[in-house]
């Protein structure tokens, strides 16, 4: 599913990623851990094709992301879900319109789309805010809408960057359970988080990142589904 | 220091704050708890003069914030520090320039300003990123820079909205310790957080908010310094 | 289906949400196009005027003062046969004297004192439109000068040449100023669209995040730009028409250049339509250009 | 101290960071001001031309054809005493005949056949600038007509009146078009500044968050606007000067209207300076206006 070979990314003197090599099989459930500034977000963005690495190769679903032409990236992304750390929603649009957008882009029928959006919003517990402007939501609500948007198109691969940072324990537990369910339905999950509790609940393989390097990997074989 | 009388704030049918009454004395250390969407951010913004309540009165340092003229608000704000939940920094400016800005606004001498900015950045552990564009920082780093900016002008009152949402446990502990130190130096602290661990470490009075109402207050007297 | 509907609805929503920027864009487009339009109108009317002046070319054929009736009739017949001559009218000796008195009242003072009428018979020949170039007129005049009994042929050769030169210079200047104004219009409108799109950078970034293609992102903006430009063009047209009618009425009321207000013409309908289409094209083009810049710059 | 320095540095930083928007602003200002400037230049030169045409007013005094030498001398003396007359020159009978032949070659054909020269002696009087209004000229002419021996006084009353009317209409039109162009310029520049400030909304929000007053937020933007406008004005001036010199050279080279290139004048220096200052004022004004809107709208 995901293969990184000696990937490095430098910002001036700071190396956000340094010679990172690992692979994640289809159906795995991987937790990306590490302190603030370790390079977790950079790693996810590189996999998502939002950042081009300075060195190394990345294969995602057998496509060389770093070499992909700009026009092909959207099609690759449609098979992925991404929950950004700084929850990017269109603030002027309603929650419903935000979540339905990936389905419109993929040309899903209206009735089917409505059903799926409803289910997604319900799963993250913000179905009562469907008609509210996304910009008016509280931080935790926005975070959950982003999760709903990422899972609405039933992605093959879900990348989530600190999806519980603005959620209380009860909600974080719910989100962890949701991610486990989605994983059980066949989606490969890569989750970057600080939250020890979420890590424990996810019961997945843990990749430890520190200063751009992988310092530990709780055995690739053990975590494979 | 802060007195709220029957404060309500409505957004359409949703009441973000509903008949909230409490007061916080000078030198107190208060934790604002409550689930996502409870109204914590709204409450802090109302106290900060960034949102006008629909009902009720708010006194901050004996000034009626809701009635304050637009031109007077900046002067009140200069006595407060605010750590917003969505860490708002000027992305094009360096970390140093972001943190020094409140001091420039208040006309602090250059040498003194440099000393204070250095100390603030060191306290939150991002002094090595001084010369980096704020927009280039990782989420956790940005959050810490916001904390540094809020404490650099030695505020009388510090309002912090979920300042550890993007930090790992070790760093969250450090920030909690920092807030305790600042409180010990005489600053009144009002901290909104979900994080049970931070709450426990802060050892302060806890105000519980749920759906815009105060549902519990761990005794105003006990928490007074 | 849902996608097409989304793209149109999105354009309409943008027009509403960003109505500030949109209004600015419309007003800017309108002003820029109106500036260009004022110039075009000026050019069109001066061109018409020059044309109508040039059309009134008469050739005057003077006979010898002592030419007998028979020669007069002969010259008249030969002139009538000329393909270049449309109308031929005779000015008799008495008529010539009257006209001379009217034209030169000062110099005519002494004519009254002269015994005999010294003025010759003449013919005024109107030249047909096909022969109104300076070359044809002078060829015609030379031929007529060879007729027996003809003393002299007069036509405003200098005047015609000067007018032609003035018109050609004017046209040169017009093209230069027109190009400058057109460039200015395109630049200003393009920039307005560009700036108003800048504010939507984040929006575009988010759309890319969820797998939208460049085309999907661009289409609503291009539709929006086209609508904006068309409205701006229409507004410009309305402004021009209003100003034009006002001016024409003022001219009519003042009466100082009688008949000028009848010569003045507004754009013919196709040109009016073209102005609106130009606004539309400008808005569209500005959008495409700006959005391409925004889409292409980042892989994110 | 640190604060003042910060505000200036901030303006310079903004110019650099937002160089895209700044360049757009400069180009837009330059184009808008150049459009206005082209018009102003056209107006200035046509006004000059009209003035120089109007200045050449001559009054021609015809004596009776049979007036004796003595009368001629007497009239000449009295004309010289008139305060309105600057120069008085005599046209003798022989000279008059020559001039008539030159002016009307066709009509002069028959003059040669007349025995005696019927043309009278005349005086050409140049009117002093102080008396060049239509009223003064006609009062002067009436007085002179009463002199003994004077047959007739001719001056281009109609022509003067028409010219005055044309000039006044032209000035009316000029003011109207000038106002329209000025409004367009202000609108376009103001809008450009407004749109480029829109992109900095968040920045302003953040500054308010840390206790910045409206003035503190506004000053760098106003400085920036002033610089942008001044550069735009300078660019417009350079464009105009370049186009003007090019046109003058072309006119000179073509030689079709001899001496016109000497009548053509560019703006005098104070007006040039004013154009740059106008750009500065526009940029400044646009910034103040926009930033006030942004600062006032939200308490946050």
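General observations
Just so it is clear, A, B, C and D label the chains in written order, and each chain counts residues from 1 on its own.
Basically, a residue touches a chain if its C-beta (ideal position, glycine included) is under 8 Å from a C-beta of that chain, and two chains touch if they have at least 3 such contacts.
In this text, all values refer to a predicted model and were calculated from it rather than measured experimentally.
Farthest chain from subunit D (centres taken as the mean of C-alpha atoms): A.
Centroids built from CA atoms put subunit D at 68 Å from subunit A.
A separation of 63 Å divides the Cα centre of subunit A from that of subunit C. Centroids built from CA atoms put subunit D at 24 Å from subunit C. For subunit D, residues touching at least two other chains: there are none. The touch graph of the protein chains shown is a ring with every node of degree two.
Looking at which chains touch one another, you get A-B, A-C, B-D, C-D. Remark: subunit A residues 45, 49-52, 70-71, 73-75, 77-78, 80, 82, 84, 88-90, 92, 101-102, 104-110, 113, 149 touch subunit C in the complex.
By the touch criterion given at the top, residues 11-12, 14, 34-37, 40-41, 85-86, 132, 136-141, 144, 162, 165-171, 194, 196 of subunit A touch subunit B in their complex.
Interface of subunit D with subunit C (complex): residues 20-21, 24, 27-28, 31-32, 34-35, 38, 62, 65, 100, 104, 106-107, 109-111, 113-114, 118-120, 151-152, 154, 162, 165-166, 169, 173, 176-177, 180-181, 184, 187-188, 191-192, 194-196, 198-199, 243, 247, 254, 256. Within the complex formed with subunit B, the subunit D residues making contact are 2-3, 6, 17, 202-203, 205-214, 216, 296, 299-300.
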